[in-house]
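So that we are looking at the same thing, I have put the structure below in structure tokens.
Letters A, B, C and D mark the chains in the order given here, with residues in each chain numbered from 1 onward.
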């Protein structure tokens, strides 16, 4: 039965965005309420769909050239997408409401909410897409809204640069993604997931082809989910408003890469090599980001690197061919990371946009609700039982233990680091002395901000339990590893947190200074150098070539040359009659010679 | 016996002398005379050709000999106009030397 | 209605010229411009009459007068062409009359004006005879009729040293070319024993004929005709004479004399087409003419001189047509050339009286006289070859013929030189529209000129869109 | 109706020259033309792939020359583009201080010429109408231009004049390469004759090369592109809008209209060369664009670069890629017009377009920055804007051309590089946007005001069209694809009919 619900979910935010852009840019309050109403409608519809077992929706033909290509805008409505819808719209709704408080005094509130609505539209599109091109369309739109929102405070140079960096970096990933799509399309003749799946077995005779195609598709996820080596944009993206960091750069959009990988797992899993590469990329990202996080001082950046690290876990899970584990972690991560960011946002606003953790301290007394919710999120993040993160991370580690020992060891190491930097953050921000005037004068946030925090905290705490999560996801099957892996994980947690507490208790500055981590492994510098010496150099050489060789040299040169010859030729016209007669005679002789004697 | 070739050679030499006069002499009157010489060289060839090309009736082609009279007439007209121009030039510039009339150039 | 025969047209024009000359001589009191109007009206009458002439077919068996004179379609067409040209030149001359007066200081107000209006009519007769001439004798005589009247016209403003210089140069060089013409005729007669073109062709078909000697004669004739049409390497007189001559005479030289030259060239070359050297020679001359005319025009700053170089350039395009021996392409091109050249000269005459002949003198013309600026714009873009003007179609037909004959070198050079053409013609447009000038007073245009210029504009565009009437008239 | 659209702008121009109030007449003319185009769009019969609304006036029977106009799907789309951009450009022009009437007349002549070229079925008028724009462009840049206007005006005029004469040679050669009995200037007759294989392979190669160079110069195909950025940088905004948005599409339209059905062998033969050149457009010019330091030059180069994608669509000659090419032509016309319009307004306000001097303008010009953002993201192929639909069809079509498992051929490599070009265009477009509209606002620009309301309307029209066809490209596809399909299938009438059957889809797709 065709239902209007999927279309409603998709279009409600779009309508809101269009309406705000066209009519309500001046009325900030109106636009924020329209936007919130739209997301609530979508949330309600998502919940409705979630309860219905079989549902379908009408298809819209976007492009159809008979026989050559048909691109429908149609929906995949399985358990996976339904869950994702609920998570996205749920987290989205809380963040919309939170934004009401956070963006209270912002000039560009209407623009913010329009972009937020547009983001919801695009994100729903990704979740619902039933084919590669539609996925790509919304994939790009999500990137666009991310660009707009990161650059919300466009007049700050850092924000503007970060927005560009984010968009361009993900575009590089999309470059591969598109080639991958094209290859899969050529090989199977279709772009619709449901039609490709049965044709994949035909491709076993082309293992290299499948590997390349799978890895190229994975490139898209590398860009969007900020995996190594395209991870550099995500920390910078923290220049955007904090709710955006929570929604887009923690809970939903960056997770879209993982969602996409799960969605197209039939391609990835067709190649063992590809899987291995994916797993290792995830692992490297997880470990590297965790290492960097230990030496950061900006509260949002620490959280951003933790996001990277957790995304690494998810990608690792995909690479280990367990979609369930990846989705489970995505699910729990969405809640606790949104929570962490929102709590951090609460702190930042109350401290008048102070983000340096060394200027905070002792905030557990000033901001009790924020502290409590932040702590819940942090515990979930480090995988402390019984918070949600424990279950999902344990599932991934157990998987790794079973399938790939080096990855497991690195995963465990990352877990230690995670515990270390999160506890470091907690200790520095919430305990000890208050280290700045702003921190001393701060007070608790309004209820419009703490409300969403509490809601999310509940989910972050409970999200991992089977009785809750099973309603949403096919949970990964518990392995026979028994208590060994959880025990190790718990051990890692203890070691990490113990170290952090030991080192950072009542410190006013960082006792550890590891240059390479503080500089994020010099990735930005490396890329800047690379870009400068490849693209920029090429660009400058080409521009020089174009301006001086082709344009001035060839084009102007030939015109000037012609002019010059003309100027010489007219000198023949010397004005003396007898010279003319002489030339006339020469001409006669030449003509006679040419006509008669040759 | 004087052959056609001899006439043609003389005519050619006259033509070249005329051309050389036009090219080398500075005085416009003499240039005009040299031009007449060239025309008359051509006339000589015409008459010679006419005289030596005898058709079936044994008579030369008199058409061309009449043509020579045309040429002479036209040449006279040319000289008349030419002299008038030279006189006008002399009045205006007090010169008949070609090297003085080269203000139009390039 | 009685039929009019072709020779009656020339006789009528001749009588007209005589009458005007007589009136001029004996009626000293009248406004001499009336003579021009009478001339224009008379020529217009003859023009109308010419449409009632039935073209006869030229046959080799023709005897008597008809062995000199043909009244085929081509000749009728070019008689009309000559008449139209002369009418417009007379109109230009009435505009030029004030300049003429100023160059006769101390003389009476109207000194010389009568002859100035009468001479073109005699030239016209010469042109009309020339296009009909199919015998070297007749060609020579009518050519000289044209040339000698041009001697007078070119140096007409005889107090002006520049004009005299032009006149002298034209006199000497033209006489020189005449000498070559006669010498060439002599040789051809010597080889073939004929002066009639058709009979020459028959004689050349005879293998006993000495080809090289005939070719030698042909080349000498080509020199003389090349002089008339301004083909390189015999173009040398053109810039100086065009610049120095009174402007209407320049226009006449550049249109009438050149058109007649091309008709004769076509007729003269026809017997020699069987010789492969002929086409090769024409191709080379065409190439040189194209390159020289267009390139040397690039740095010009004097508009009149620029038009002289442009005249050489157009001779190049026409020579492409000659190399492909496409008479109707040449015919159309000449018509287009007539329209656009006369248009340009008409504007030049009016503007030059106010400011000067330099391109700079056209600065800001669009402000001072939008009408003249627009007319010049049309003239220039037509000369450059922009579609929807006659000039473009002319080039189109020429290039069409060249491509059909696989004349790659001509085509390539043609395209490059068209690019050059755009540069120097647009220089004039640039001056008129881009630049601004200190002078802002309006430039007056009298009614007759306005009418003539409008007619030329309309005809230029009309033929650019609908060329069929000319194509029909040129069909043999 | 078609005649009405062609002569609306031209008559308006003539009226203006005759002394009618310039702006009002121009607006009336362009609105009428736009309305008529919309009417044609609505009344167009999408099932029939032949020309519709044909009117014909014979001019020369012996040359088979007649003034014949009509529209099929392809020309309809182009006419729609032309009328939209004309309307926007005229509307945007506003008050002109010097020679106002001449300014509007020039714009209208360009527009009328472009529409005429798109609507002409006769080869001669197809060519001639396009040239109508040459002199107006010269005047527009020369009189009302800015920057290095003198050099720019000369370069564009001479370059395009030479290009169009090369094109003319190509067209003449094309005409002559048919046997004398079927020679005609009527494109329909030529197409029918070509479908019977009346034009030899050798002739096709020669003609195609000439057409490629001739059209290539008009489209600014690498390496004949250097006139474009300079001219667009100097031209007044409405002229740049019309020229880059509409006129440049003429060459591509010509390739689709002529090369595709008439010269399949020629296009196969030169495909390799064309691919190399178009990659020059995409990659090389893309890199050059990155290095630009001024907004107007950047836009000029970007428009050159984007031609590469359309060329890719034309070169690979699949139904998918050619349809994509048409869609992209349409979309690019709108988006580049939008960008040039805004850049022109910016120049009016700041008197400079050097990136280093600008910055933060979104603060004072929110509407302009939003609109410019639309243009920027359209240019880099953001879904939802029409450019993306075109690009994706081109990529799919080109990638399919000559596909073999396990091996990349020239078109696959070209597609991959073209996709990298998307990254390049992202880099320069976003950088330009960043430097112009984002960042800190300098004190110099504090007083700048945003676009006034009347100027916002044409912008909204352009963005609206981009969005409309971005979301619903199928309506364009439906209009265009049938025509292109006949062009692409007519080449092998015998083989297509014998192999028709289960493999039908593959058959069409693989050509």
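Simple rule for what comes next: a contact is a pair of C-beta atoms (placed from the backbone, for glycine too) under 8 Å apart; a residue touches a chain by one contact, two chains touch by 3 or more.
Owing to the predicted nature of the structure, the values given are computational and were not obtained by experimental measurement.
Peer 1: When I count C-beta pairs in contact, which pair ends up with more: A-B or C-D?
Peer 2: C-D
Peer 1: Averaged over CA atoms, how far is the centre of chain A from the centre of chain B? Could you give it in whole Å?
Peer 2: Spacing between the chain centres: roughly 96 Å.
Peer 1: Just the number, please: Cα centre separation of chain C and chain D in whole Å.
Peer 2: Chain C and chain D have C-alpha centres separated by 43 Å.
Peer 1: At what distance in angstrom does the C-alpha mean of chain C lie from that of chain B?
Peer 2: The answer is 26 Å.
Peer 1: Using mean CA coordinates as chain centres, what's the chain A-chain D distance in Å?
Peer 2: 35
Peer 1: Residues of chain A that touch two or more other chains: which are they?
Peer 2: If we look for residues of chain A contacting two or more partner chains, we find 559, 570, 573, 575, 577, 581.
Peer 1: Could you list which residues of chain C touch at least two other chains?
Peer 2: Correct list: 168-169, 172, 176, 239-240, 416, 423.
Peer 1: Two-or-more-chain contact residues of chain B, please, as numbers and ranges.
Peer 2: Where chain B meets two or more other chains at a single residue, that happens at 19, 22, 98, 101-106.
Peer 1: Chain pairs that touch, all of them, please.
Peer 2: Every pair of chains in contact is listed here: A-B, A-C, A-D, B-C, C-D.
Peer 1: Across the complex, what residues on chain A touch chain C?
Peer 2: For this pair, the touching residues of chain A are 559, 562-563, 565-567, 569-570, 572-573, 575, 577, 580-581, 583-584, 586-588, 590-592, 594-596, 598.
Peer 1: Quick one: which bits of chain B touch chain C in the complex? Just the residue numbers, please.
Peer 2: Checking each residue of chain B against chain C gives 4, 8, 11, 15, 18-19, 22, 28, 31-32, 35, 38-39, 41-43, 45-46, 48-50, 53, 55, 61, 63-64, 66-67, 70-71, 74, 77-78, 81-82, 85-86, 88-89, 92-93, 98, 101-106.
Peer 1: Along chain A, where are the residues that touch chain D in the complex?
Peer 2: 21, 61-69, 71, 133, 136-138, 140-141, 144, 147, 151, 154-157, 159-161, 163-164, 167-168, 171-172, 175, 178-179, 182, 185-187, 206, 208-209, 535-536, 538-540, 542-543, 545-546, 550-551, 554-556, 559
Peer 1: What does chain A use to touch chain B in their complex?
Peer 2: Touch list, chain A to chain B: 570-571, 573-578, 581-582, 585.
Peer 1: Sort out for me which residues of chain B touch chain A in the complex.
Peer 2: Interface residues on the chain B side: 19, 22-24, 26, 98-99, 101-106.
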